[in-house]
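Letters are used for the chains, namely A, B, C, D, E and F, taken in the order the chains are written, and counting of residues starts over at 1 for each.
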Amino acid sequence: MDILLAIAIMALGAVVLGAALGFASIKFKVEGDPLVEKIDAILPQTQCGQCGYPGCKPYAEAIAKGEADINLCPPGGMEGVQRLADLLGREVKPLEAEEKPKQVAIIDENTCIGCTLCIQACPVDAIVGAAKQMHTIIAQQCTGCELCLPPCPVECIHMEVIPETLENWKWKYPVVAIQPVATRPSAEEAA
Amino acid sequence: MLAKLFKFYGGVKPPSNKTLSNQQPIRPAPLPSRLVVPLHQSIGGTPRPLVQAGDPVLKGQKIGEADGWISAAVHAPTSGTVVEVAMHVRPHVSGLESLCVVIEPDGKDEWIAHGPADRAAMSPADICQFLQEHGIVGLGGAGFPTHGKLKATPGVPMAELIINAAECEPYITCDDLLMRERADDIVRGTAVFRDMLQPTRVIIGIEDNKPEAIAAMQKAVEAQGEAFAVVPVPTLYPAGGAKQLIRVLTGKEVPGAMRSTADMGVQVFNVGTAYAAWRAIGHGEPLISRIVTLTGNVRSAGNVEALIGTPMDELLKLAEPNPDTDGIIMGGPMMGFLVPNEHAPIVKTSNCLIAHSERLFPPKAPEMPCIRCGACARACPHELQPFELYWHARAKDFGKTQQYHIFDCIECGCCSFVCPSRIPLVQYFRFAKSEIWAREKEKKAADEAKQRFEFKQFREEREKAEKAEKLAKAAAAQAAKKAAEAAAASDAPATEQPAEAAADPAEAAKKAAIAAAMARAKAQREAAQPKNTDELTPEQAKAMAEIEARRQQAGIVPEPADALPATTEAKPE
Amino acid sequence: MMFAPAPYLLKDASVSRVMTMVCLALIPGITAYAWLVGPAILVQLVIASVTAIAAEAAMLKLRGKPLAMFLSDGSAIVTAWLIALTFPPLAPWWLVVTGTLFAIVIAKHLYGGLGQNPFNPAMVAFAACIVSFPALMSQWPSVGLQMPLLDQLNVILGLAPRVDALSGATPLDAMKTALKLGEGQVDIAHLLANQDIYGNFAGRGWEWVAVGYLLGGLWLWQRKLITWHAPLAFIGGMVLISGVLWLYQPASFASPLFHLLSGGTLLGAFFIITDPVSGCTTPRGKLIFGFCAGLLAYIIRVFGGFPDGVAFAVLLMNLSAPLIDQLTQPRIFGMKGKQS
Amino acid sequence: MTRDEFSTIAYNGLWKQNTALAQLLGLCPLLAVSTNIVNGVMLALATIIVMALANVAVAMLRNLIPHEIRIPVFILIVAALVTVVDLLFNAQLHELYVVLGIFIPLIVTNCIVLARVEAFAAKNPPLNSTVDGIFMGLGLLWTLAVLGAMRELLGSGTLFSGIDMVFPSLSPIQVLPADYPGFLLGLLPPGAFILLGCMIAWKNWMDARAAERAKRRPPTPEAIADTAEAGA
Amino acid sequence: MTSTPREYTAPGMALRTAAILFIFVIAFTAMLSAAYQWTKPAIAASALAEKMKLLNEVLPGSDYDNPMLQDTLTLPPTAELGLKEPSTLYRARKNGQPAALIFEAVAPDGYAGRIRLLIAIRADGSVAGVRVTQHKETPGLGDYVDPKKDKNKTSPWITQFNGLSLASTPAKEWRVRKDGGRIDYHAGATVTPRAVTRAVHQAVLWADIRRDQLFAEGSTQ
Amino acid sequence: MSHYLFILVGAVLVNNVVLVKILGLCPFMGVSKKLETAYGMGAATTFVLTVATGSSYIIDHFLLIPFGLEYLRTLSFIVTIAAIVQLTEMVIAKTSPTLQQTLGIYLPLITTNCAVLGVPLINVASGYNFVESLLFGAGSAVGFSGVLILFAAIRERIEGADVPRYFRGSAIAMVTAGLMALAFMGFAGLDKYQ
């Protein structure tokens, strides 16, 4: 008898709550995910695919879905991992790959045969030129993703570290500190 | 005299050490063996070189053309020959190089033709242009082109014109000496600024540790019958900071975010700037020399009038540095920097060279952690919380530093001066600021990259669609044609592939068909081959044209690059 | 290449000098203390200092930090002295050692050492010990106890038994207990009349120790090592709440003067509330910090479970300090009168 | 389930993804009942039972549960299991039941249970899920036991106090001398937090050391294959 | 993830989820209820055992032979005993004769709040036993009044009350030694024993004047 | 009246859910890295906890007790709370994007906050009436949010500290929580006036 009573009361509750939830899930359905936008905004938009996704946006979507880790984007660096961790409240993890200095691609003018293959490869249209014409890379637009390197049949593209000039010179982190300073863990430290 | 002075928060009183160098009159510096004149000497665009290696130049001849409105011309400091226009080290903390005109003086110091401006015939805009052409920039430190400051903000009446003669940094006495010796020209220059800005009041603020300069200025003002107020202000570093001086003299506080003090109806010029402006207006002399204090670990400290471009080590020799000198500080001990390369030339903003030695400036004890004692906050004239800024800058949490107003910091160094833990606070702030700027740049680049990426994706989609359409069309056309051919040569056995039917009797028809197919194929290939030469910006087009030209020269491309699209011809600006 | 950033001129100040001055400022109070209870307190100061230096050295070594530089900064000594001064003077040596270790190792070095600890190390030590060893931590020698150094030493080292006379209560605790026992029949005036315990105005002799701290504190203020905000607000908070309750029921609540001069009020006001590292740093923040600490200290000492509330009040405010600091950022230059 | 799968799950549960030290979940019971080993271990056992059963149940039923009411149903399952365990404790180990108090019913909200159910059982077959539940629980168990031992030792100098509630014939061990004054802080909440903090630091240290060693050793072929797989 | 990609209307979905939740709830409630029914006797038994154990701590089992748990009275909130809520009083009898009263009392003025006591008073007015059932006294300091925490296991502090009666102990001796009574205390922690002593004394006084009446009243079930 | 005040203040300070009762630690540790998120979590928890105490009281008094089904407490409380939380979340997500940002994303986390079940169970154990239950619930919620926010502010500061390597992150956070708990022990004994 007791059992039946218990079941009856609980079942009553279940029906009410279940109905309410089911109803609400349709009535209050929301589309889209603002989180993806936020994650995408942090990614460097290099579109290099080193994260294993076909671009920054897909990677952002994967992170938002919880499928991808936050430490897969080498161009974003530790900095990016840190900001993703802050946004998502996850633990900071060391980057999967090593951080590289910023680079740009340079096409050797004298070797280029104008095959246009690099144009197709460059995700951000940083290469100009047309068929049979020498191609050139607009340094300001090149994100240094290296995607144009493999397709070039004559290997006329190489990467160069952007040199320090007065325009991009930055004040360095104070060096007089004797005491090793704690900052957010850098890749090699956290490893 | 003004009745009331105001106070600014904070500030420090480092030992001033000015008597070291203000005992002797200004000496002219001898002509150096070589002058290295950097083109970039003021805030804003880098002037474009007007001379080439081998060109002879005269003293005062323009060698760099102002690039844009915020920029000022650069002139040859003496007559001679241009040895090269090349990268040379600049007086900059980075020790990096920038484009300089190197001149070998011929010793004649021969002036180019010059003369006073005809002010009566000139509109304010003309005067501005005149000053720009004569390379007048602020000599108080930042080097902002002076003509850019000679306009009141629309809608804000210009209340005060302030001549900054505070010279609050220890050691420096160049403004002091300038006022003692050339007060008349300063007052005349001030009058020029007054005429341009039409302020209600003109105030010349001088720190009260320079009684001779105050007297000289007062005399000059009276002599010229001007109504300028010469106001002694209490000696307290950094009273010479524009915002602090404005606060002391007028009680106004210029918010850090405000771009120009003119928005508050005040404009500030350094005395040296006023002097240089008068030399230009009254005599037609461009800014090619300045007063430089040589002091520190030297035997005969004093001020010299030196040509822009004089190598620092050569200049400092005039003051006979002691043998234990181990570096040169350009600027004052509070805000200046140890120049990484002592051969670097002096520039328009080099007001002081201090011979550095460990005796004079003992090496800093190692940095200790901040104990949050708050001394820095009590010293900060901008009422910031330097230890909070430091805490977050150290942890590279730049968002937080901005929350604590890092961009209101004027890098005066008061906080570092008082810190018992000897933390190089300013250094941390500069680091944070430049990281933030770099980051903003990167962000912008990322946004642009994203846009271009999305556009490319869109374009590829479109091209794919177009190609598919074309193929479909072509296939249909071919089918139709085949049908027609089959009908035309109904006697001949129908062949699937024209190429295989080599022995076909209808040779002519076939040849035509093959040609047509090849043309189609070519068209297809071309359609499929992406071009990236639409929608180029003028610079890109220019760069491409240049490269193409080089390639042609090198004989890589047989025919002229007529394939370049029309946009190439777009005028560069 | 040599590169040192500006400014090249530095004021002649250092952390070790700051800490030395704090120690100097404690001397008047310590002198009065030693006069009151005998040399035991000096022994405790030595025990705490040695422990603190040893612990500091060990932690620096473990963490790979320069030893000489940090050992000479003197902050460990300040912590050690404050621990010794807040613990009962005849507490066994291991109690002081445990407290000091806890302060230096856990409260200070786990956070990175000097300048980075969010909680006041000395007060962490006090709180940890009083909740762990409440009996020992509330045994104060009966006043007027005259005991030669050797005997005191023996007690501290555990070589002599802890006789009842050693385990009195502080005036504060005695009063709390007495009031509870009397359940409204005893009144304050009557209690205070007992000069054996309460001396001239706030616990026989203890008031003079408090006056010593006051002098040292004023000197610190005069030398600009501390600002007036926190101490004044702390005293203000304490006086306000004790004054209101005293006026409301003079029979069961002691006067503000009593509260000012008993327990750790003045030591707290000038040396503990003012700890720059764990306290608030903005002027308004310091006022809030001090005032709330004053209120809390009173509430805990009068209504709560511990003989004095200063330590817990300080810790409670320590944990609020980062938030208070964020919420009380001063207007910066050029923002006066504007909503920023 | 392969052996590899098994050892991964075990390693994850016991160490790498240890609920208390790595995931920081299920902290309340961990800190509240770890005043001695016995309490801690008994609560951990209860949690293991619940977790294992819940994981089985969810893994078996996962395809029947619509997304919208996923959470309520999971919670329902867990809550029912917890109540059963609660009843069992009440019936069989009444004294312990009184000591553990509300922390038995609170296994329901113990984030580990739900987190595991969400993260693992809802995506994996029943056998793996059960093993996962058990090892997650074992991870909790040893953490609780160590923490309990430390607190007991520090606070009162004993071990296994309260063992008589489970095995009436046994009695606690006095480890430290009887006149050990007892650093009570160990038994109080602050001590629990601080000691757990030290345990986490200890895990970080162990992990760092292991990583260091792995770096120094030339990578084994399997390791290379592993990373390649991870990269793929 | 639902396996069905079908689109639902709101009421349709409501029905569906309600039904599924309904089924789950029925299943698990049934399981739970079964478990409850199954453990119910055992739980009741252990609750009983616990109670008896506590009662036997204050009054040895050999001192009575009646089913004490059935021979109870419900006391109204009683100020003299410090009780603010109704409580149960047990009556022990041996061979039909009144043996002892067992009831709760509260010492309101412990160091950290109320201390709950269970007190047994024999028919002759002497204390048979006292136990602290609930307190918040400082661990390691004031908690020795609870024999489980008392370091002295052979004769815990609380057993001092055994055998005391109004007759044997004059009123001024119902105090801790420090206040001139005969009850021991630990130096440095007098507040707690003082509170307990006072509460026990009150309880003895309270029981003394109504002992017969309490034994006589009709037993409540 | 003062009795109610004591319950409220007592729940906030003396019997603080997190630091004294040791409940709700997972979100306390997990959502305290940033002050901003701590505010959000605090608000969300305050809401849910208050609703949870109210609804639990009603279920207990009108369904479970009359029918002698006390053993279903855990089950019925938590399922109801979970459902209410989910409902609220859906409604917020749809109706107010701003509220969703500040509150919504935290709601799902709350079902695994043991305070949400613990507080109603404590209410039952303490025999509180409806108003008392609500006050205790609200007080606990305020106590939770308060220490969460303070903790977040401290953690933001510690982020910049030179914490020894192995203690960085959650270990030092745990130690900090311990010292906070130590500070809160100062309130011990204040509730004896209740």
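As a working rule, contacts are C-beta pairs under 8 Å (C-beta built on N, C-alpha and C of every residue); 3 or more make two chains touch, one makes a residue touch a chain.
Please read all numbers here as calculations on a predicted model, not as lab measurements.
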Among the chains here, which has the CA centroid at the largest distance from chain E's centroid? B
Of D-F and C-D, whichever chain pair has more C-beta contact pairs: D-F
Using C-alpha atoms only, the most centrally placed chain is F
So which chain is the furthest away from chain D, centre to centre on CA atoms? B
Chain A and chain C: spacing of chain centres that average the CA atoms, whole Å: 52
Express in whole angstrom the distance between the two chain centres, defined as the mean CA positions of chain B and chain F. 56
Centre-to-centre distance between chain F and chain C (centres being mean Cα positions), rounded to whole Å: 33
Touching at least 2 other chains, the residues of chain F are 30, 71-72, 75, 79, 83, 86, 156-157, 159-165, 167-169, 172, 175, 179, 182, 185, 188-189
Please set out, as single numbers or ranges, the residues of chain E touching at least two other chains. 13, 16-17, 20-21, 24-25, 28-29, 32, 36, 111-112, 140
Could you check chain B for residues that touch two or more other chains and list them? 93, 364, 366, 368-369, 394-395, 397, 424, 427, 430
Listed in rising order, the residues of chain F that touch chain D in the complex are 19-20, 22-26, 29-30, 71-75, 78-79, 82-83, 86, 108, 111-114, 116-118, 121-122, 125, 164-175, 177-179, 181-182, 185
Residues of chain E that touch chain D when the two form their complex: 1-3, 13, 16-17, 20-21, 24-25, 28-29, 31-32, 35-36, 39, 42-43, 46-47, 49-50, 139-140, 151
In the complex, go through chain C and note every residue touching chain E. 132-135, 138-139, 164, 167, 177, 180-181, 305
Once bound in the complex, which stretches of chain A touch chain D? 17-18, 21-22, 25, 52, 191
Chain C residues within the chain B interface of the complex: 1-11, 13-15, 17-18, 66, 69-70, 73, 75, 112-116, 225, 227, 276-277, 279, 281-282, 325, 329-336, 338
